[in-house]
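The structure under discussion is supplied below as structure tokens; questions concerning it will follow.
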Amino acid sequence: MPNNQSGSEQALIALEGVEKWYGAFHALKNINLSVRKGEKIVLCGPSGSGKSTLIRCINRLEDIQKGRIVVEGVTLDDTGKTVDAIRREVGMVFQSFNLFPHMTIMENCMLAPMRVRAMSKADARAVATRYLGKVRIGDQADKYPAQLSGGQQQRAAIARALCMEPKVMLFDEPTSALDPEMVKEVLDTMIGLARDGMTMICVTHEMGFARQVADRVIFMTAGEVIEEARPDEFFRNPRHDRTKAFLGEILAHH
Amino acid sequence: MPNNQSGSEQALIALEGVEKWYGAFHALKNINLSVRKGEKIVLCGPSGSGKSTLIRCINRLEDIQKGRIVVEGVTLDDTGKTVDAIRREVGMVFQSFNLFPHMTIMENCMLAPMRVRAMSKADARAVATRYLGKVRIGDQADKYPAQLSGGQQQRAAIARALCMEPKVMLFDEPTSALDPEMVKEVLDTMIGLARDGMTMICVTHEMGFARQVADRVIFMTAGEVIEEARPDEFFRNPRHDRTKAFLGEILAHH
Amino acid sequence: MANIGVNELLFLLQGLKWTIALAAIGFVGGGIFGLGVALMRVSTHAVLWRSGAAYIAVFQGTPLLMQLFVVYYGIGLLGVNVDAWIAVAIAFTLHASAFLGEIWRGGIQSVPKGQTEAGKALGLHYVSRMKDVILPQALKISLPATIGFLVQLVKGTSLAAIVGFVELSRAGQIVSNQTFRPLMVFAIIGAIYFALCWPLSLWGASMERRLAKAAR
Amino acid sequence: MGYVLDFSVVYQRLPELLLAALSTVGLAVAGMSLATLIGILGVLTRTSKSRILRIPTIAFVEVIRNTPFLVQIFFIFFALPQFGIRLNPTATAIIALAVNGGAYAIEIIRGGVESIGKGQIEAGFALGLHKGQVFRHIVLKPAFRAIYPSLTSQFIMLTLTTSVCTSIAAYELTSVAQRIESDTFRSFEVYFSITLIYLAISGLMMTLFSAISRLLFSYPVR
Amino acid sequence: GTLEQAKAAGKVVIGIQGDNAPWGFVNSSGVQDGLDADIGRAFAKELGVEVEFVPLAVANRIPSLVTGKVDVLFATMGMTAERAKSIQYSKPYAGNVLSVYGPKTTKIADYKDLAGLTIGVPKSSAMDTSITAGVGDKATILRFDDDAATIQALLAGQVQVVGGNQFYGDRLDAASAGTYDTKFDLKTLYNGAGTRLGEKDWNEAVNAFLDKIMANGEYAKIYAKWMKREVPKFPESMPDIPYTVM
């Protein structure tokens, strides 16, 4: 799917013919994807279909064997320089939060701006304060991760990524480790981000969220993208049988 | 709520004025509950409301500071004897499975019957085979827990508890550690058990399950039972504002 | 002034025999009592775990040499004649049980609480819960540290010279004082210890790798 | 038995013993500090992708852990002068303790580093931190917290091992005790007393270790 | 136990050094040998009993005696007044000329020439005591576990001189011929057998035995075999070191 978008907006992220193997296991098969600035993509699919692998390739937590990944004009190659450049522009929020347990929330947020952007302590604190406020946990700044509820931790992880003021945010099932009540607060935070125009790629099975904010829903199975559509179309009229079966089950016991 | 049930059926489990503190924290406040043989209770409520604490008190994984817990006529006191007697009659399934990782599924299931019921190896194996079949993982008997999927592990945990042929089963969020596709298989197993007439107390937020099998839904908040009703009533017409808010949120983003 | 010849080597190997016997005593005694100490340390009974803690503090905190001395000569001073073997057995047991107790306590405590709870919920009594559920897992976790300690114990047997055992190190000292070649003698001794300990270390490391692989 | 315990000898020479005890503590603390440093650097080379760094580290660890401390200290004191490296007893003792403790520390700390979840390291990378920064800011502290008990008990052992340094004539508690013993033949009194002094030293160390742990590792975990 | 008990049991247990050739050592066949061993054997023969040697290290000589694990010590024990408060010495039965040894190239004639040097001595030895008293804190004294380590320290250059017994010269020559020589003598130290304080029976038996072998020439033979020197003249008494139980 070469970049034949309306042209006025250049692709912020482009994956071209990406192939990824784990040993003999073919995890990603000929992935082509291009994301414009401000676009919000929801990625879904059954367990093991390669969703996490895909977004982890984008900020080079996994390497790829074939194809090309371009972020903001920088092509990811094997040099540390392009990796660094890209990681500075791409924030990531993990399913399991991965907050640093030995630092307060504030310290978690200040670390990367100070070490990577060489910000002064005061500046880093100001940035952290701003984003912690944005995700509405400014009052928790001086607590340690273990002292926060799951929802609060996940929002802290979002704030930490935002403090680097990335151009793109990647979310890997950011709500699935949370209990039902906490899901909402994290989703609300993400909806807020989406409204502010952040470019987002989000792995999630929260179909309400997909309906509300996604520009495109992408459905993967067995390492392939088999469906890609606007959310209303995706839910109303899925083309593939596999998609239909999946949607059936996901929506069934809810 | 003294035991004023229809009388034909005696209460299998009765909690009377139970109070529980963790240090200074008042975790359970004046809990009164009586469960008849064959009854299925669903316990729900926000995080931290004391649901786990409540069911853990029933088989004495936590001690209580006030009140009385009676299981099948035996009053739990501080002697090891009543604790043993009750634990023999009450099975429990944990959210995190807690299978013994160094034993195969078969060995997991045979351990307690052999050690507690002094069953012969052959008898224990026969019982284990029966219940593993019942939860439809008979073919996984000789694998180790780590070799099973989450849903299979949880079903093995159910089989393990069933092998003691308990009068009551306690479930503590048995599906919340599972991914969406695996939830279904465990719920199906539980529905099967319910149909067979097992007495069950189940902490869960799977409202479909509650609708389908519960005789009563109990809603807790801040250590208190604030609502207790038949499921249709509970969902259609919750009395408390707190319940309404909670249900609103749980059902909203599904 | 002799040279280091076959006789001297044989003499050292005689010492090696004692080294192995002493290590075995320490490990058996320490293993049995160490389990007791570990169980005391994880007990919910305050008196038990406090005594366990005090035991560990005292016997980890004093040199093995001094423990041997006190057991062998200190008790002898009271007019009780203690056999050297018994003294060694007692002192090595005290020393090893303190260290193993602490290592195994760590192992037991790193078995998730859910395992104990699952055992309880199944109605298993204390002995079965420990023997069938907790200890096998704890032992697995602490195996590398246990082997590490065994290696240190093998080397620690040299201190038994104070109660008259001519084990490897003492034999080395004797040979060194006859030949006046301490460097050569101790190089040989180092090599013998290495030959004895390294396979143990390797075994421990391979065990560690196996465990790491088993845990997903 | 006719023997009468007489601690007055020890009491008279207590100042000497206490001074020597101080030296023992000094040797132990210096040894531990350097051992920790060796441990941290060793973990980096031990886990390095480069074989040129990794293999020698492994060899170092295996040789040191599987040979007696006495042999190691003899080697440094008596054999290194042949290669032109002549160290006085105190320096020899500190280096031997550091090398011995360091070999153990490498393996212990490596265990801690490996216990850090992959997610923590990935989170660091995802924030744009470099490898060194990830190690320094994200891995090190939780790793030390995880292995602190084994590291400190190894260090208590190291403290007691200082007594072996007497064999190269280093000045420390055991050597002074042996001198007093040989002057007076009051073996029991001397050995009982230094047993208590060693117990006091290790008690002090344990107290200090737990204070450090409270200071550094008191962040809550679940 | 007592002398009577030993005779009844037909065995005397003698504590002896295990690694201090040529006084007492275990030879490479694992048999106790040396001057002390021969004298010990003669002592047992005199009593008409078997001998059992317990090879001891420096650190456990006295404890073994005091706790009754051995009956008597023939363990190269230099006689000093301070030590005599803790054990009962017999008459002296061996002499030991202690000297300072060093490289031929350094000129040292007495204690004051030792100032500023690093001196090695075996710990718990009379050389240690003498040199410590003689130079005080004007020199660095390193105290090693045994003779082998002390000599090795000199060879390795870790010390500049050593204080040693009369055999150091031979050993240094064997290691590096013509490099080292004797600088000056510190003193002659006499060794006595040790028994428990207050136990008359053992002390008298040892003294009577020593008198006898010195008179009948057996002693001179043993001495010549190991020491390769003239038998020195032993003092009749020493201040504050009683030879007998009072």
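We just call them A, B, C, D and E in the order they show up, numbering each chain from 1.
Assume contacts are C-beta pairs under 8 Å (C-beta built on N, C-alpha and C of every residue); 3 or more make two chains touch, one makes a residue touch a chain.
According to UniProt, the chain labels map to these proteins: A, B = Amino acid ABC transporter ATP-binding protein; C, D = Amino acid ABC transporter permease.
No experiment lies behind these values; they were computed from the predicted model shown.
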Q. Which neighbours do subunit C and subunit E have in common?
A. D
Q. Which other chains touch subunit A while also touching subunit E?
A. D
Q | Degree value of the rotation bringing subunit A onto subunit B, based on Cα positions, nearest 5 | A | 175
Q. With chain centres set to the mean of the C-alpha atoms, which chain is at the far end from subunit B?
A. E
Q. Across the interfaces D-E and A-D, which one involves more C-beta pairs in contact?
A. D-E
Q.
Based only on mean CA positions, could you tell me how far subunit B sits from subunit C in angstrom?
A. 45
Q.
From the mean C-alpha coordinate of subunit A to that of subunit C, what's the distance rounded to whole Å?
A. 52
Q) Between subunit A and subunit B, what is the gap in Å from one C-alpha centre to the other? A) 37
Q. If you look at subunit D, which of its residues touch at least two other chains?
A. 1, 3, 78-79, 187-188
(Q) For subunit C, give me the residues that contact two or more of the other chains. (A) 69, 73, 77, 182-183
Q.
Quick check: what residues of subunit A touch more than one other chain, meaning two or more?
A. none
**Q.** Interchain contacts, given as pairs of chains that touch
**A.** A-B, A-D, B-C, C-D, C-E, D-E
Q) So in the complex, which bits of subunit A are touching subunit B? A) 46-47, 149, 176, 179-184, 187, 205-206, 208-209, 249-250, 252-254
(Q) Give the list of subunit C residues in touch with subunit B in this complex. (A) 112, 114-115, 117-118, 120-125, 128, 132-133, 136-137, 140, 214-216
Q: Write out the stretch or stretches of subunit D touching subunit E in their complex.
A: 1-3, 77-79, 81-82, 86, 88-89, 166-169, 175, 178-179, 181-188
Q) Can you list the residues on subunit C that touch subunit D in the complex? A) 57-58, 60-66, 69-70, 73-74, 77, 79, 99, 102-103, 106, 144-145, 148, 151-152, 155, 158, 169, 182-183, 186-187, 189-190, 193-194, 197-198, 201, 212
Q | For the subunit C and subunit E complex, residues of the former touching the latter | A | 1-2, 5, 7-8, 10-11, 14, 69, 72-73, 76-77, 81, 161-164, 166, 170, 173-183
